[in-house]
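Two complexes come next, and they have one chain in common, chain A, joined by chain B in the first and chain C in the second.
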Partner chain A sequence: MNNCIVAFCCEHSAYPAADLAGKLKLHYPENLRIIRVPCAGRVDLIHILKAFEKGAAAVMVMGCEGGACHHMTGNTRAKERVKYCNLLLREIEADGRLVAMFNLSPNAPHKFVGAVNEITKRIKESGR
Partner chain B sequence: MIIAERKPMDEIKRMLAPYKKVLVAGCGTCVTVCWAGGEKEVAILASQLRLARSAEHNEISIFEASVERQCEREMVAEIKDKVTEVEAVISLACGAGVQTMSEMFEDKPVFPGVNTTFIGMPEKEGLWVEMCGACGDCFLDRTGGICPIVRCAKGLLNGPCGGTRKGGKCEIDPDKDCAWVLIYRRLEKQGRLDLMRNYYAPKNYRAVKRPGRIQAAKA
Partner chain C sequence: METKIGVFICNCSGTLNNIDFDAVVKKVVELPGVTSIKFISPLCLEEGKKKMLSCIREENIEKVVVAACSPEFKEHVFREVLENAGLNGHLFSMANIKEQCSWVHEGDVTGKVVELIKMAVSRTRLLQPVKMNNFSVNREVLVVGGGFEAINAALQLSRAGLRTTLLEREAVLGTGTTELENLCGFDINAMVMEVKGDENIEILAPAEVIETSGKIGDFNVRIRKGGEEISRKYGALVIATGYQTKLALESKLKSDVNIVSQEKLCHMLEDPELRIRPRTIGFMLDFADENSRLPTLATLNNALAAKRKWGSEVYVFCKNVKVDSERIERLYQEARDCGVMFLKSDVSPKVAAENGKIKIEAKDIFLGEDINLTCDVLVAEECLLPAEETEALSSILNIRRDSRGFYQDENVHLYPVASEKKGIFFIGGCRGNLDLSRVLTDVSSVVVSIYKLLSSGNILAEVERVKVDPQKCVACLTCIRICPHNAIQLVRVDGGKEVAEICDLACEACGICAAMCPAKAITFQGYRDEEILAQVETIGES
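Now for the complex of A and B:
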């Protein structure tokens, strides 16, 4: 688990997008660990913090596009939690940007890869 | 209920700096409802402390426990085994909970993890407001159930003062309602406006003896 990127992927959007990225043989960093969740709103602060405790370099929460959440408000809840988690990380002098929320639709494999590349860039910038 | 907010992380880290084995103890009542010290907040603080110490290469072993009410000895006794294993406890309960823990485990330092702030109620999600000053001599029968002691910025018993703004707002904070305007409107609805004509003598704050002590009548 050390230095991997944990991606909590909503099964209605980011997970099919990741699947499609695989089918299209798009390249993304191999240290990505995908965790399928029923909704981005299912991801709690403690899940994110535990991922860091276990050695994750960054955590991504990936849910549906704004207004398209399968469970109505899961993506907006997730966004708020990620924002709060940024604060919790900054409190302990860690880089708050290493936890991020991404919104994408199930047919957006390139956006999925772009998000993974973006977080990889942030990891490098933070010096990890 | 009692409202509290978590202490700044730096302060918590400073209190726990000398210790390697710590228990984070939560309380399942008031501080759970105000998101300051319930089971979830215990897990978050424990995780933050582990991450912070790990980044400093100064590992810490943290245990987590929550009881239904930390202000009751019988309930605190449930986590006795965990307390005996650690060097210090950080309690996320209100001041009463911290002191109960401290009294029961006199050989361990028990630190407060939250600042106990006031008695209040939730106004909306994530916002709590003060409602009661625990003055020991309740005045609400004369004010339509609105406490001027805590809800009026000046704590006036004979309001409103001359500073009420247009729209019934307080002169000290234009975002706050003037408590005495609220009282007037409430009494008007109840047909009890005559109460506004009364003069109330200065409050006898001696009604509250410190420390407070109440013995229930025996049946």
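Now for the complex of A and C:
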């Protein structure tokens, strides 16, 4: 997967935010691949791990802001799953920070780009 | 034989000029399953849709991938084309090559476009059709509450042709509406008379809800009325239980002759036999409760009345005067013109009772000076709280409440009056909305949404889009516990085994259950594990 970033984006928040980033012609690294999901809570551990197995440099799970999840608890469940995935990565001595949960609202394109840049920075720091 | 996938590419009237479409077409044609590839621009307008439709028909395409703009805006447009062509609307994916590719990257992005289309094609290959079905629903509505908003809602629902039951805890309708009557001049008695005369409205009072079960279109409600319990069926529930007020006073102070509520002051103002008119009146506003629109309205009204009727000196101690609802700005201006003094302070003033008078110490942040004031009457600030029954009712309905105890009002994504359970709505005071114009807006939006849902007697919904496989389900109850919309219940299937079942009408298709199910018994068409993994596996293949 030659160093792609996989982003699972909730269709109620992060996906529209990414669209808005496009409309504003903000720029972010070209290696980002967005997968649309109905809620961040739909993202399972297997989806994240499969991405790493295929060689992804980092995985982002992006959902609604805390307390504003369209499905009430989806973003907190996703966060727990990402936290668990962090532990798994550490266990195999990989950089746990390469999988991260981001919370943003649909009208936050700059935050979206900020998140992508943040994860790019982490990839560089981890030496990949 | 593999299904025929048609790929339609659009360059959005030439705005995507950093893509080499010829190269894209050459690459995409080689993908397994793709039988036809068409470049139509613009695809979303009438002409483009017609071309797409005829292409689907002529080439017997079974599944469709559209590489164009974001599905957020155009998914429904293309889905309609598919349905017109006789295909299932779910056999369709979009590759977002505009907002999430061409527009965010500089330089040639042909490689990424090919990859995005590949991802969409690999997902589409696995998609399965989802049927739609009409579910019949009960057309009766239950309105819980007997205040202004409940009566208003019942009247409007009845006018819309829906049979309505009004359930009130007290024996008489329209109690606890004095504030609205006093402040906004509503004739509540006339409304009560109208409700009583309406054939379409049944009144249950005094009565209370003791149990609810079921889903939208088919709620079973057990009601206790008098000594007996009755069971009824409704299509939708409206909760309008209102609010209560509490004086925000320090523990050493008590409400008495000198320290009064707004309501008491109102009575004093109307009392013709009042002997001593207070010469100085102090009001407190916006210190204890930030949601102070209704208290602001009451304060301004009463301050003006006291000024005009008694000629008293009136001081309003406030943090902020919130003028963002109807009439308040004008009243505020009027009050200032009449000589009502507004003293802005950051912290709550110190109040002490002394020799039958009230001493107030405050620091005005505009004057920058300490203010010591002795007044005859202090009108204490009122906090607005949810009605007593709110807590009990929320556990009966299995619906969450916000940090202040009001019904869920914090979720910015939801339609404001709707709850997380489809078919249950809130109006006015019980969700922390108090001033009149907002209450009326609430009533109208609830009536419109219920009319939309129930008026035809049928609701069109997807059948088994999210489905539990009874063979795999071990009835661990995980999904039932975590479903945010309460759409899952346990049922007994043939052979006596108990399994979880998802109600198609109540399901909001979030997929949380599909991710949580330890037995992987739940499949979510369109977002099955296979479909998501197929996309993941395609990334970076080239």
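By our rule, the second predicted complex is superposed on the first by the 128 of 128 C-alpha atoms of A that agree within 3 Å, B and C clash if a C-alpha of one lies under 4 Å from a C-alpha of the other, contacts with A are read in each partner's own complex, and residues count from 1 in each chain.
Everything below uses one rule, namely that a contact is a pair of C-beta atoms (placed from the backbone, for glycine too) under 8 Å apart; a residue touches a chain by one contact, two chains touch by 3 or more.
Fair warning: this is a prediction, and the values are worked out from it, not measured in the lab.
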item: Touched partner set for A:I92, first chain B, second chain C, both or neither; value: first
item: Which superposed partner A:K50 touches (first chain B, second chain C, both, neither); value: both
item: Touching partner for A:H27 - first (chain B), second (chain C), both, neither; value: second
item: Partner chain in contact with A:I35 - chain B first, chain C second, else both or neither; value: second
item: Which of chain B and chain C A:P16 touches, first, second, both or neither; value: second
item: Which of chain B and chain C A:V82 touches, first, second, both or neither; value: neither
item: Where chain A meets both chain C and chain B, residue numbers; value: 44, 46, 50
item: List of chain A residues in touch with chain B within their complex; value: 44-46, 49-50, 52-53, 88, 91-94
item: Residues on chain B engaged by chain A in the complex (per definition of touch); value: 8-9, 40, 43-44, 47-48, 50-52, 54-55
item: Contact set on chain C toward chain A in their complex; value: 70-73, 96, 98-101, 103-106, 109, 112, 115-116, 119, 400, 410-414, 420, 482, 484-485, 508-512, 514-516, 524, 527, 529, 532-533, 535-537, 539-540
item: Complex contacts: residues of chain A adjacent to chain C; value: 1-2, 4, 6, 11-12, 15-16, 18-23, 25-28, 30, 33-39, 41-44, 46-47, 50-51, 54-56, 64, 67-74, 77, 81, 105
